[in-house]
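Just passing along the structure, written as structure tokens.
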Amino acid sequence: MEWDWDFVWKIMPTLIEGVKITIIATLLGSVLSTVVGLAIALLRRSPTRLISMPVSFAAEFIRGTPLLVQLYFIFYVLPDFGILLPPLVAGVIGLGLHYGTYTAEVYRAGIDNVPRGQWEAAKACNLTGGQTWTHVILPQAIPPMIPALANYFIAMFKETPLLSVITVLELMNQAKSVANSYYRYVEPMTLVGAFFLTISLLSVFGLRWLEKRYGRIER
Amino acid sequence: MIDWSGYLGLILKGALVTVELTLMGCALALVMAFIAGLGRLSRHFALRALATAYIEFFRGTSIFVQLFWAYFVLPLFGFTLTPLQAGVLALGLNVGAYGAEVVRGAVLSIGKAQYEACVALNLTRYQRMRHIILPQAFLIMLPTFCNNAIELLKATAVVSLISLSDMTFEAQVVRAQTGSTLVPFGTILILYFLMALAISRFVRTLEKRLARGLDGVRV
Amino acid sequence: ADLEQLKEQGFARVAIANEPPYTAVGADGKVSGAAPDIAREVFKRLGVPEIVASVSEYGAMIPGLQARRFDAVTAGLFMKPERCAAVSYSEPILCDAEAFLVKKGNPMGFKSFKDIADNADAKIGAPGGGTEEKLALEAGVPRNRVIVVPDGQSGLKMLQDGRIDVYSLPVLSLNDLKKKSGDDGIEVMAPVEGAPVYCDGTAFRKQDTALRDAYDKVLAEMKESGEFAKIIEPYGFSAAAAMSTSREKLCKG
Amino acid sequence: MNAPAPEPIIEIDSISKSFGDFQVLDGLSMNVMPGEKLALIGPSGSGKTTILRILMTLESIDSGHIRIDGEELYHMPKNGGAKDGGLVPASEAHLHRMRQKIGMVFQLFNLFPHKSVIDNITLAPMLTKGASRAEAETRAMELLDMVGMADKARAMPAQLSGGQKQRIAIARALALSPKIMLFDEVTSALDPELVEEVLNVMRKLAQETDTTMLLVTHEMGFAHDFADRVLFFDAGKIVEEGAPEDIFSNPREERTQGFLKKIIAAGHRV
Amino acid sequence: MNAPAPEPIIEIDSISKSFGDFQVLDGLSMNVMPGEKLALIGPSGSGKTTILRILMTLESIDSGHIRIDGEELYHMPKNGGAKDGGLVPASEAHLHRMRQKIGMVFQLFNLFPHKSVIDNITLAPMLTKGASRAEAETRAMELLDMVGMADKARAMPAQLSGGQKQRIAIARALALSPKIMLFDEVTSALDPELVEEVLNVMRKLAQETDTTMLLVTHEMGFAHDFADRVLFFDAGKIVEEGAPEDIFSNPREERTQGFLKKIIAAGHRV
């Protein structure tokens, strides 16, 4: 089967429609996972075991099971319990929750990497808990996390094809739909691969820059 | 009346395929991780370039695209793989690329001090790697390898897309035949989680074994 | 593959869909259903004792055939001119008409794809790359109101949850879905006005016409003898419909 | 003079502290008078750091009482101050109030690496005392002057040498004007050549202010010059105490003698 | 005695070394005689560590020559030894052979944390000299005896104190029986109380073996006792050298005087 450029041009507009959805889903998913991750990280540190234990278990459970299956659950099972979400919203929630459990680990590591001496110095300066977090710990913890967070956003981007099972017409779904209508797999799949590869290679440079900019804090 | 026990048997049969895929995929990923990870640290430009290309390509393109390629496009070039082979190949190569970065990072994280002690003791390059760097680096790799293995386990769900009858696939079959979503998908969620748990238990035991006597070395 | 090869290996690899009653998978994992049952019987008479069926997505069937992953597709893959150009079909086997699954009483009054296009609020669910998707688009339903649904159960669920207003599949598939759901709040609207009756055939690789011709010969004998009807009618399919048309007619469109 | 004998500013009353199975302090008691300069010396692991950390509320105590300036540190009156004599464990708010009286300088400086020198110093006054930026900066510049670092006000900590960092850390602690200052081996992480500049600042401090100071150190020579009183610790107990001349020249206890001998042999001047 | 004057075991011949723009050594020359014990002292950043690291081939040189035991270290004869006088940069194999003559002990010990004490010591002899395990262990036990650590042969490094780790590091370097031993501030990372045990081992070593030793230290008292000759470095140059008595009691150069004064003021004994 040989490569057909005319076919490529013909399907391009359809694929670009898919790209748009893919990007929107990734951006919204990133925002949600950033928030969810911080919430999980802070709740897991709670001294109350009644809070920290269930949160830990839920996070471990979500992290140990495939996003694909979780999406099925959110989209097809939750309505039985009265929760009916539009496809894109369900997809963003799935991505956000799933990747939130990863970003929670990034936050945890970032917070743990702030030396104990900083907590103690904050106490010796008589700062309150809230002041310690906002003025001392988070400003030091967050910049070094940025590259790791960005890494997960890129991974999330590459998992958006899963949203096709809940009828979101993202790039992969558009490509499959095109492939199904014309019985040609090579061009759509290769284009999708090339697209992902391009974004990923660009993001490698972006990440390098982020690492240089935020990666280490001088002590 | 639905024969649930029979359908559960079907899902368990799928679980076996999932386990098989995970084990073989992990084995391939481990081998690739060491080859490419050490390749990136090589003195020879060609090896470094090759390893980098492999890593960036497989990390850059989505696992979905890789699967579709391995399954639908490779045969057009004359390589016909069974679904299982295609699945193991795509999963192993994909996760191996991520593992390679873990290997590289761990080797680099063994400080310059250990490297210098080796020079002072007149060990050769190979002896240094074999006796000093890798044994210490491996311990550092293990936790991340554990995460990678769980990632691979979860990614096996995607092979249902190339009609390999893994657990997710069988759940979809059961869903179509019985009309129930909750039961098959609830079951596999739990099974996936148990498998993930088994992986982390195994790695943690291994880690404890290897770390014996090393307390206080790693923070 | 040619017949000799298949005889030698002792089985034929066929792609089936995960869609009752075209295909059914028993609790013991055994594959039955109208399409595989016919294929099994025909191949047996051709001297190929067994079929190995693998469930596949509709969209993946023809590429899989081309990539030599299957020797044949027996899955309710309806004959249409474009498909006839891509594969070699046998004579018609399972015929079915398009139908709509709607809420009880068909509240929006859909009789045809055109009706859906005319109702700006209506959303229709259809399998990706399937006939129904194409019919809907051709009737003028805009892309954003045609929801690509991965499988029958998902479509049923989305209708029940009000995510779509109508779900389109062949009559028998929808009947089966409705029966399994046990839901009295939905009904099957058939036949859809203006939608042609479709028939599937067993699909072979484009160049495997010799195998296809051998297959046709046995199929014709079975139709003649009434065995054909005996196999497919319990699943609800009509043998008469299949025998009243031909590949030639269907492939012309 | 006929003024009544002043009250101790720190009263430690038979406190105990364990880490897991390991008992670091077992019923320790001691008093410190206002303005007193105290040196705590003793072998590694004897609990010197632990005492300072307890006073700074970085560790809690298992039993006993500590009074700072006449007020309980780890306890507070039941019923919000009703004088029925009952005590309950201190709330975070109580600890917060008590910490205003105490400042601490750490071995590893613990400057905030993401803030400039002046911001390190002004942060706490602005946040905890509600000082305006202008006030806080004026005071900070005075302190920087005192530690000889006025020209580095806008530098980041990473650009400073260890000795400079430690002088900033001292200024930061002083910015809150605590009544009590705790110093834990403030020179032991410094290059030998940088030690002197920090010790000079501390000598000045000891002479110029009447702040109460507790100092843990291995620099016996400095302890000698600096302290009004020296406490020798071993295994969580005060083995010997007295004026520096007595402790360093005529140690009574065998353990003290042994310790000083070792330190001298290791090349330190007394 | 009429034996001919022995050849120097180390000849350093106007070597230069820069890190980026920063020139650490600029045409430095010096010789060391076999069996000599040399102390290198001088302010921080003066290049003492760099010299040791260059001798251990941990850094390369930009120009100049070094001869160890009469053989070029960083160069080798062209054409595999043909005596045409031409030299080319040393190959890895040449460096490997030359390193057999030199051992080094680091400030931070650099023990292999995943190997027991005895394995740390036997590893290199078994790998680089092809010693059998039995031979290597016999020799290791002798060395452990010498450093007073025979009872810790099976311990892991993490279970040892700093002083114990450093004694193991010394034993490990000695296990290869190098002709030259390099020590870079081997006590400066230790708690003051642990310094003495390491210095004792080194004194013993200096007396008992005729290994050539180069020692970088800030412990002036120890340098005084240990060394046959003291070199005072500043900014990559030898400012002054001589017998310890002369250098420490009557330093000629102003820079030396200033340095020693500072060190003494910081509380170190000379």
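Some observations on this one:
We just call them A, B, C, D and E in the order they show up, numbering each chain from 1.
The rule is short, and it goes like this: contacts are C-beta pairs under 8 Å (C-beta built on N, C-alpha and C of every residue); 3 or more make two chains touch, one makes a residue touch a chain.
Just so you know, these numbers come straight off a predicted model, no measurement behind them.
The minimum number of touch steps separating chain B from chain D is 2. With contact taken as defined at the outset, there is no chain that touches chain A as well as chain D. Counting contacting C-beta pairs between every two chains, the top pair is A-B. Separation between the centroids of chain B and chain E, computed from CA atoms only, is 46 Å.
Centres computed as Cα averages put chain A at a distance of 38 Å from chain C. Chain A and chain E have Cα centroids lying 53 Å from one another. Note: centroid distance chain C to chain E, computed from Cα atoms, is 83 Å. For chain C, the set of residues touching two or more other chains reads 63, 66, 153, 157. Residues of chain B in contact with at least two other chains: 72-73, 76, 181. Residues of chain D in contact with at least two other chains: none.
Pairs of chains meeting the touch criterion are A-B, A-C, A-D, B-C, B-E, D-E.
Residues 56-58, 92, 96, 99-100, 102-104, 106, 108, 110-114, 123-124, 127-128, 156-158, 172-173, 176 of chain D are the ones touching chain A in the complex. Those residues of chain B that touch chain E in the complex are listed here as 113-114, 116-117, 119-125, 127, 131-132, 135-136, 139, 213-217.
The residues of chain A lying in touch with chain B in their complex are 1, 61, 63-70, 72-73, 76-77, 80, 158-159, 161-162, 172, 185-186, 189-190, 192-193, 196-197, 200-201, 204. Here chain A touches chain D in the complex through residues 115, 117-118, 120-121, 123-129, 131, 135-136, 139-140, 217-219, going by the rule given at the top.
Contacts from chain B toward chain A in the complex involve residues 56-57, 59-66, 68-69, 72-73, 76, 150, 154-158, 160, 168, 171, 181-182, 185-186, 188-189, 192-193, 195-197.
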